[in-house]
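Labels for the chains are A, B, C and D, by order of writing; each one numbers its residues from 1.
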C-alpha cells in the first residue's frame, strides 16, 4: 500500500508536465509540502516530447534536466506516477482527493539496467513517439524518464513475457502482484495542471489524416526530427521511409474553426515556423517548406523569428486555409486551395504534410472530479467558485511554454496563499 | 567546525559492474591510493539493504565523507540522499561499463578507466566538505513593488494576501497606470464578447484598505543597496522627502509607454487632430462617457473610423519597433466596439496584415464581426489628413488593390508598447554614441523650432549600487524578459523580478498572471535568502564562494565577470561577495587567476585533485589520457543518455562534471597538460545570441578564458589541438560519442604528450 | 419484424416515365422484401430543388416544401416523410430547418399555406431512403435478406453531394462516407477504393454549363475505372443521370471509351434480395448492366 | 426608377448592409475571415469563368464593390454541392449566400445577360410551379430552345436537340423519357391552391424585404 503523508497544509499538484512540475517546485522551493501526481509513468509531459523550442531552438529536455535536478534535491515534493484523481471532496483549505494508482509492476529496486526489456519479446506502440514505432513491453518511457524505472505494459501481465521479465531481473524489482490501488490525499489547495492534448486530426476530414500516411501532425513531426525519436532524427515519411524534403505545414488544423476548436491555439504558427528549421537542418541543400496560413500569429517578440523565416528562400508562405488534401500516384499528399491574396488557385504536391493541430485542454470531456468553471473551449477559468482549486498552464488557456510556466508559477502562489492561511489559523 | 573526518568508499557490484570489473581491485585502489578508511562492496548498493549499510556507517562508524562508486550522479538520487554528508559519486555504470564493449580486448582499458574514476572519486571527496549554509544573511520579509499600474497593484495585493508586507512605489500621483486611462478593457472571462470594466478603481480601493501595503505616490527609487533579504532602498518623493525602507526582495513593474506616434507623420499623426493613437482614443471614449465619441477637429460625433494596426510596429526597415506588441489587435477590436456598441451605423474598419487574437480572443474577433466591424487585410501606406476627415491609403491584399482607400472621420493608430526599463547597462560603445547623437539631434531640432523629435534620456529605475550597473540587464529591445523558455522569471539580478509589459509586450490578462508569478518568485527569494539557500537554477544549494582575501590581488575579474552582479567592491577595493545574490555557478572561481575563491563542495581543489589522481601511463603505453570537463546541465546528461543507449566511446577519456564552463579555471588545463594528459575537451552550452548556458554568461566567459589557453600551449610547445572546446547540447547523444572517438583518434595520430612522467 | 410505414415523397424524377422511374421500380421491390410500406403523400408537389433559387426566392421555396409537410401530416399523421431523391430530401429538410428556426418564417409560411387551405400543426421528420436503411434497419438486418449475393462484382460507391452534405447520414464522414460501400458489401459485392466518392457531378449545371459538368463527370468515371469498378452505384437520381447519360458526349470530347453502368443502391439490393432484372428496373438503364442482369434470377 | 436604382439610393454606399437585408443569409457575409477554404473547395474552382470565389466576393461586398459583385457570373457557377458549407470554419451558409446573391442580382436586373444557369433556374421554377410538378420533357425542351439570353431560338434548339438526340433516344428506350408529357403529364390536383399560396408567399417576401411586388 502506498503511504502518502499529507495534511491540509499540503499542496496537491495534478499533472507532471512542465506546468505541474513548475508549480510543485516553485511551491516546494518556497518551503511548502507538495504532492505531485502524474498520470503517465514518467514526468515531463508534452514538452519532453518536443525536439526544440521556439524561438531559441534550444532543447526542452535541457530545462527538464534542470527541473528534475531541482526535484531530486528537494525532499518536500512527493511524486506519484501512474496516478489519477478520481474524486475531490471538501473545500478550500481542507480537501481530500481520492487518487487511483495504476500498477507499474516494477518497484523502487529497479536500477534501470534494462535486463527485463531484453528478456521481453512483446512489442507495443510507443506513446512517447505518438505511436510512430514500437517499443518493448518492458520499457523506460524515455531516456529522460523520472522516476528512472522501467514499466511493464499491462498487456503482458499474465503472459510468459511477464515471467521472463521477472526472471531476468536480478534485483527483485519486478512485482507482478501489484494491483491498482486507491489512496486518499489531504490537501489545502489543488493546482490543476493537466495540460493539453493535440486535437484529433482525423476529425478534420478534408485533410485525410488516417487515410493518407504522409499526412501527419505537428506533434508527430517533433518526434521525427528528434534524435531520440523513432527515426533517429531523420525526417522520413511514414509511407515509404523516403526523406521528406518538400514539407507543407497547414495552420489552424482544428483551431479557429467552429466545426472543431473555436479558439486559436496560439502556439501552432510559431511551432510550424520552428519546424521549417528542422526541414532545413535535415536537407540543407534542397529542403523546402510551405506554410499555409490564415494569419501568422507570431505574437509579441516572436515577430523577429517569423521575419527570419520569412526571409528564408526555402520557405514559402501561402495565405490560405487548405481546402482539402488528396494523394497522387506517388503517395505524395496534394494540397488544394486558393491563395486568397489576389485569388491564385493551387494544387501542390508535397512529400509530407504536417497539420499544425490545435490545443485542446485535457480537461475537455473529462470530468474534473470537482465543480470547476470552464470557458466554452473547456479551459479552466479563474473564478472564485473554484475554491482553492487553481488551474495552471494549458489547462487554463492555449499557451506556449513560457506562458504556461508563468501561469503555473502564479497558480503556485495562489495555492500558497491558501495553505498559509490554514497555517496561520492553526498557529 | 573541527569535526573529525572519516572517509568511506562504497563500491556497487550491481547492474553488471561486478561482472565487468574487478571490484576487488577497485576496492584496493580506494583503500591504498584513495586512502579511504572504510571500503565496502555491495551487490546492490542502491537497495534498502545497501543504503542501510551506508546509513549505519554514518550513524555508528562516524563516516562523514562518502564516495559512492556505482551509477551516474543523476541516477538513484533518492537512495543516495545524504544531505548532511560530503558525497562524491563515481560513475562506473554510465561512465564506464555502458560505454565500453564487453569484450576481452576491452577489459583492461575498461578496468583502467574504472580504477581512475575510483581514484578521482576518492580525491574529490577528500577535498570536499558538506556545505553548512550561511545563516547570517538578511531576513527582511518586505516586498518592494516599483510601479503602481495593474501589474504592480496585482503583485502588491497578491503578496499581501500571502502574508507579506509590501511597499508600493508609484511615480505618478495615482495608482492605475495605463489601465486607469482606459475606458474599458478587453474581456478576461467567458463570453469574450464585449469590453469590460477595468476593475482598476476597485483594486486601488483594496490597496488603500490594506494595512499590509504601504503606498508611496509621486515617488521614485533613489537608491537600492544590499541583497535579497537585506535591501535598503531610498525612496524619493516629489516633495523632496527621502524615506528609507528595509526590503527583502523587489518586483519591478514599471510598465510601458506607447510608441511615439509623432514618429509616424506618414500616418497623419500630428497633422490632423483626427488621427489619434490608442491612448488618444481611450481619452476620447472616456470623455464621451458612453455617449457618442466626438471628432477632435470639430466636436461632431464620429460617423466613420478606421483602425490602422501595427502602426510603427513589426517594422523591418529598422526605423520603428521590430516587434509586435501582441495586445493591439484585441485592443483595436475593443475600441471598434466602443463605436459599434453606441451606434451600429458608424462605419468601423480595422486594417490589418495578420490579425492576432490568440486563445479566446478569437471569440472577441467574431463578436466584433457580428457587431459589424469590418476587417480588411491590407498594408497601410499613408493617411492623408483632410479638414474633418482623413483618407487611409492602403494596399488591399485580398482584392490585390494597390490603391484602396477608406475615408474616415477618425483614424486610430495602433502603436505598440515601449518598455520603461531604465538604463541599458550592457550598452555597447556604439549604441552609446548613437544615443548621444539622437540626443543632440533632438536638442538641435527643438532649438531651431522645428517639429520636436521625441528624445527622453533613459533614467535609472532602481538605482542599484551594484558594481555592474544601476538597473536590471535587458534582453531585447529594452524588455527585461528572461532569456529562458522554461524559466521565465530568471533575471540576472537575484531577488529582483520584473513583471508586466516592462518584461515583454503583453495584455492585462497576462500582466496579472505575470505579476502573481513574480510575487511568488520574490517571496521565494527572500525566504531562501534568510536560509542561505541559492536561487534558481541551483535552488537550495547551501554552498557559497569563500574567498581567501589575503591572497587576492584585486584584479577585479570576479566582480566584472559574475553573471549575476553578486560581487561588489569594498572600500579597500577587495571583492565583496553578497551571498544572497549569488547563484553558485562558480564563474568567479573560474575567473580568479590566483585561485582564492572556492566552494565547500566545489573548488579548484576538488577538480584539481581529481585531475591529479588519474594514473598517467607512460609515453610508450599507447594509452593516451584525455580530460573532459563537461557541463553538468547538458553535456554530462548527454553522455549519460548516450550510455543508456550503449553508445560506445573511447576508454582514454576521463570525465569530470563541472557546474558551468564558466567555473573552469585555466589552472586545471595547465595542470592536466603538465601532468601529461594528451588532450583536454571542454564541453559547454551554446553561447551567443541564443545562448543556452543556465548561468547566462558562464559558457561565454569560460570560452573567452579558454581562447587564451593557446598561449599556454605555445609556451609548452604543444599543439593547439590538444585543447578542444566543444559546444554541446543535451540531445547530442549520438554525436558526442562520435566526436569523442574522433578526437581520441586525432590524439593518437598526433602522438603522446611529451610531458608524461614529470 | 413489423411492417414499417412511411409517408413517401417520390419527387418529380421518380414518376412513371420520368428520368428516375427505374429508381422507383427498384425501391418498390426492395421495400417489399424489407416489409416497408410507402404511402405516397397525396397531391405532393415539387421541392423546388436547389437550382430554382433565382426565380423562387426564399419564402416561395419553403412554402412549396411546407405544403408537402402539411399534406403529409394531414393524411399520414405521425409518419416520417421518406424521399428517395437526394435533392428532394435536401430541399425539404432545409426548409424544415429554416422554418423551425425562425418564428417569422413560420408565420409567413402559415399565412401562405392558408391560401391553399393548409397549415402546419406538426412538423414531420424528413428522411432519405438511405438513412432509413442505415438507421432503422442497420446493415445486419439488411444483410439477412440477401438471397443472391453479388459475389465477384465490383462497384464504385458514388455518394455524390446531396445525401452527404450538408446534413449527411448520421455518424458519417463528409469526405469519406462509408454507408454506400457498406451497403455494397452487405449485398455481397465488392466496394472498390474510390477517391471521387463525393465529387460533385455538376448537378443542374449539367444542363446550363455542360462543359464544366462533364469535366467533373469524367473525373468521377475515370476514378471508378482506376479503382477497378465494373459499375457505379449512387443514391441520387441527378447523379445517376448525369454520370450515365453523358458518357457518349464525354467520349467524343475527351476520346475516352467510357461505358460503365450507373445504378441505384436499390437496384443492387433488389437483385441481391432475389428479385428479377425487371423488378430491379435494370431495363431502365441507358447503359445496360449485363453482369448484374446475368446474376439476376 | 428601376429596382436597382432604388436600392442603390436606399442603401447609399453601404453595400454590405444592402446584402445583409436583401440577400438570403446575407447577414453572414461580415463573419468571413478570409481563410479561402470555400474558394478552394468549390468544384468549379478549376474551370475557366469562375471569376470571383466566394471569399473574394465577400471581401468585395465589404469593400462596396456593388456593380462588380452583382453583375458577376460567379454566383451562377454554384452546383449546390455544399462543400463550402461543411468546411467553412465560421459556419457561413455559403451555398445559400451565393444563391441569394444570384437571386438578388437577377431581381435587380444586374445579372449577366448571357447566363445559362440563370435561365435554367427560372425555367425550372416556372415549370415546377405551373402544375406543381416538373415536366421533364417540357423543361428540357425549354432549356434547349432558349438561347444564352433566355430568348426562344428555334434554330439553336434544333441544333442542341440534335446534340442531345442520342441522350434522348437512350432515355426513351429505357422508358425514362415520355414524349406524351408534352400533353401535360404529371401534375398536382390543387394547382389553384398552389398558385394562390405562392402568390401570397411572393407578396410577403417582397414586403419583408421592402421590394416592389414584381
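Keep in mind that, in the parts below, a residue touches a chain if its C-beta (ideal position, glycine included) is under 8 Å from a C-beta of that chain, and two chains touch if they have at least 3 such contacts.
These numbers come from a predicted model, not from an experiment.
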Exercise for the section: Using the touch definition from the top, list the chains contacting both subunit B and subunit C. Expected result: A, D
Fill in the blank from the handout: Of A-C and A-D, the pair with more C-beta contacts is A-D
Handout entry: Most central chain, judged by mean C-alpha position against the global CA mean
Key = A
Handout entry: subunit A-subunit C separation of Cα centroids, rounded to whole Å
Key = 46
Handout entry: Separation of mean Cα positions, subunit D and subunit A [Å, integer]
Key = 50
Handout entry: Centre-of-Cα separation between subunit D and subunit B, whole angstrom
Key = 64
Fill in the blank from the handout: Expressed in whole Å, how far the mean CA point of subunit A lies from that of subunit B is 24
Problem - subunit B, residues touching no fewer than two other chains - result: 355, 377, 398-399
Completion exercise
Residue numbers in subunit A touching two or more further chains are 206, 256, 319, 324, 340, 343
Completion exercise
Residues of subunit C that touch at least two other chains are 174
Fill in the blank from the handout: Chain pairs that touch, by label, are A-B, A-C, A-D, B-D, C-D
Completion exercise
In the complex, subunit B touches subunit A at residues 14-16, 44, 46-47, 71, 74-78, 81, 83, 158, 161-163, 189-192, 314, 316, 322-326, 352, 354-363, 377, 397-400, 476-477, 479, 481, 483-489, 504-506, 510, 513-514, 516-517, 519-521, 523-524, 527-528, 536-537, 539-541, 633-634, 637, 641, 644-645, 685-686, 690, 692, 694, 729-734
Exercise for the section: Note which residues of subunit D are touching subunit A in the complex, please. Expected result: 33-41, 45-46, 52-53, 55-56, 83, 86-87, 89-91
Exercise for the section: In the complex, go through subunit B and note every residue touching subunit D. Expected result: 347, 355, 365-366, 369-370, 372, 374-377, 396, 398-399, 401, 404
Exercise for the section: Using the touch rule from the top, collect the residues of subunit C that touch subunit D in their complex. Expected result: 12-13, 15-22, 43-46, 48-60, 62-64, 67, 104, 108-109, 111-118, 161-162, 165-166, 174, 199-200, 202-205, 207-209, 211-213, 215-216, 245-246, 248-249, 283-286
Completion exercise
subunit A residues touching subunit D in their complex are 206, 252, 256-260, 294, 319-324, 336-340, 343, 345, 347
